[in-house]
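Letters A, B and C name the chains as they come in the text, with residue numbers starting at 1 for each one.
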Amino acid sequence: MNFKSWAPLGAVALAIASMTGAHAADKSVAVTAIVEHPALDAVRDGVQAALKAEGFEAGKNLKWQYQSAQGNTGTAAQIARKFVGDKPDAIVAIATPSAQAVVASTKNVPVVFSAVTDPVVAKLVPSWEASKTNVTGVSDLLALDKQMDLVKQVVPNAKRVGMVYNPGEANSVVVVKELQKLLPTLGMTLVEAAAPRSVDVSSAARSLIGKVDVIYTSTDNNVVSAYEALVKVGQDAKIPLVASDTDSVKRGAVAAYGINYRDLGEQTGRMVARILKGEAPGAIKPEVSTKMELFVNPGAAEKQGTKLTEALVKSAAQVVQ
Amino acid sequence: MSLFSLLGAVEIGLIFALVALGVYISFRLLRFPDLTVDGSFPLGGAVCAVLISTGTNPWIATLAATAAGALAGMVTGWLNVKLKIMDLLASILMMIALYSVNLRIMGGPNIPLINDPTIFNMLQPESMEDYVFRPLLLLVIVIAAKLLLDWFFATERGLAIRATGSNARMARAQGVNTGGMILLGMAVSNGLVGLAGAMFVQTQGGSDISMGIGTIVIGLAAVIVGESILPSRKIIWATLAVVIGAIVYRFFIAAALNSDFIGLKAQDLNLVTAVLVTIALVIPQLKRKLSRKP
Amino acid sequence: MLSAQNLELTFNPGTPIETRALRGLSLEIPDGQFVTVIGSNGAGKSTFLNAVSGDQSVDKGSIHIADEDMTRRPVWDRAHRVARVFQDPMAGTCEDLSIEENMALAHCRGTSRGLSLAVKNEHRALYRERLATLGLGLENRLTDRIGLLSGGQRQAVSLLMAALQPSRILLLDEHTAALDPRTADFVLQLTARIVNESKLTTMMVTHSMRQALDVGERTVMLHQGQVVLDVSGEERSKMDVTDLLHMFEKVRGEKLADDALLLG
């Protein structure tokens, strides 16, 4: 039996030798996201910008590190372990799988989650009150009744609302379950279409043709990445599209009353700054994103068979041509 | 790398060592390329998480997860043996089907297990930190599994399974019901993977529908890295090899995570891991070449 | 022991490449008899052997081995009554397993396999003893992978494996054809010795007329899926290849044109 194992042992030695020096005076923040994605990247950039505004600048008096789990939960777990071992002053975990991996790894290091729709269902915090644990954060939960208000303004006689979503994404499932409860009270019904992969978005949308008056989508990763496919169906079948994020309006949705993820990041960053300045995370109530914007696209409305009222267009923060 | 990170790599390495043992059985012993593991790993996790979150004893939940994995393996085997569907295809069909099954079992894409009882926190002694105890308990479990497998494949039944993979025609001529042996082998293999899934959700905070993606790749990488470190046809060395391979593979990932000091960034993680694994596979060949020179 | 009645088997029926391999073949082999089976290519000898072993199922007819009806049973379900040595030395052994593991596999043939150790200490002595009779030094290499052995050595071990369990009939499928002449001779001698010692009922398919007459006590010739010649006893012991040829021509009214059969 021969041990031909110098390379792996060498790599292990290399890893152990890569002990980074500790700078006692500087604060350190470790950030992780489950995957790279425009919205999640915007959150990260917002966190960094807000920290800078509060006096913590990466490279000067703040040690900043970022790791993406490349979509793999095993890697997310290893990143969580690594971060906890580095003993930063705060860990920022973006999106539910990363947040869960971090929260499961430590009960001491302060954890700030971001872009998690329902942190209570995800068991990151026991309730929406200050948790008294080491966890707090900012949720991107949308007030669904306001979302449905917008839907009715875009398509006044809408009775059947279609929803394309990834049944494998926690945030989307939360929205679907809420809509299933909310819509009947408004005299409407929800028709679901599942798209487990982004390539399934097109066929899911097509399955809704003839069964819905409008298609509403959340900030589902699959849908957002394949939004053009949805737009094509909307135009071909004359079904108006209402989105939850403002970028999608530029890509062809009729309207969206959404969160700006960069702002969400900045809101998160301000919370992190409070922790760096000494507040306990358990004393900070989890927040919901506060800044909402209405975007409309009259051109898309026409192509999809509806017309926007003047009042709606006037109230929009941005009108996309 | 901090101790925490190191032990974290060992912990996850041990979990995937169970997967590697399962993949070794299907891929090497049965010569059955089995992608079911991408579905049976999260299946084990889902069953375990659902049971624990609804109040079942974690030990029973873990056992149920193992049984669920075994059942999934048997269905794949049945598709191949009875319905005569090609092995690789049968396993792909199961992998696809299990995605929906897992979503159904969980009732959603995600079940968190943050403050719930697990076999780890149930057994943990006061004096030890959890990040030290978890790898320790996992080590015990992995060693037990390895020894059990070493014994099993030395028995008459186990030998029949190995013969089925090595030369099915000859095995039949010796009275071995090769169809039945495939079912048994696949059950054992995927049972181990289901067990690994249960271990994963109890240590990593919950089950998620995406946790299975790439399991077969990790399993195969562990088997191949292990075999290049410790080449041997004997079962007792081969099982040890794949366990070592799994842990070493996770070390590579940990090393890659810690290579920001060389200027590598987060996006380079997969590339760095691939490079390190390639080096590990090539060095033994180089050593053999060098040792032949006069 | 073996009773094959009116076996019929057609490959690719109803297509342009339809081949009627067995056309009403019947053969009875009593206990302990050593029969050699010859025939030109396409005569149906391999097909017949495969029908007896279970690798091939027949369209019509029946096969009884030791009074058990085996006609519809799969290979592994007949293995307690049938032992087989393949033509390809690679096909008859598991190359990844060791010599003793291969023998243990054969030893379990016909019994239900449980969770006791496959290679038992008490059996090792038996395996060593049997291997020693080969005179090849294999008794000292029990734990070597059988893939390391030469073709001839593997065939020799296969023969030992076939004789390990008291199965009822031994099927030999041109088992020396893939070996060089010297090794083939060695294996043939071994065959005769083992069959004699264990009084095994044996059916040996061979491509060589000379071999067919040299070994065993009865020779059967197949042609176009039927038995056309059946010689044994005194008549057979006086025959040589040319006699066999003339007999064949008389029976079928045609000359035999297969070179390999004549010259082998």
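Just so we're on the same page, a contact is a pair of C-beta atoms (placed from the backbone, for glycine too) under 8 Å apart; a residue touches a chain by one contact, two chains touch by 3 or more.
On a predicted model such as this, the values are computed, not experimentally measured, just so you know.
Leaving out only chain C, the chains are still linked to one another by touching in one piece. Farthest chain from chain A (centres taken as the mean of C-alpha atoms): C.
Chain nearest the geometric middle of the protein is B, using mean C-alpha positions. Contact counts per chain pair peak at A-B.
Averaging C-alpha coordinates per chain places the centre of chain B 43 Å away from that of chain C. Separating the centre of chain A from that of chain C, both taken as means of CA atoms, is a distance of 71 Å.
Mean C-alpha position of chain A lies 31 Å from that of chain B.
Only residues 53, 74-77, 79-80, 82-84, 86, 91-97, 101, 104-106, 108-111, 113-119, 145, 161 of chain C touch chain B when the two sit together in their complex.
Considering their complex, residues 1-9, 11-12, 16, 99, 103, 108-110, 112-115, 131, 200, 203-206, 208-211, 213-214, 218, 225, 228-232, 237, 248, 250-255, 257-261, 266-267, 269-270, 276, 279-280, 283-284, 287 of chain B touch chain A.
Here chain A touches chain B in the complex through residues 1-8, 11-12, 14-16, 18-20, 36, 65-68, 70-75, 77-82, 84-87, 96-97, 100-101, 103-105, 122-124, 166-170, 173, 196, going by the rule given at the top. The touching residues of chain B, when paired with chain C in their complex, are 152, 154-160, 162-163, 166-167, 169-178, 233.
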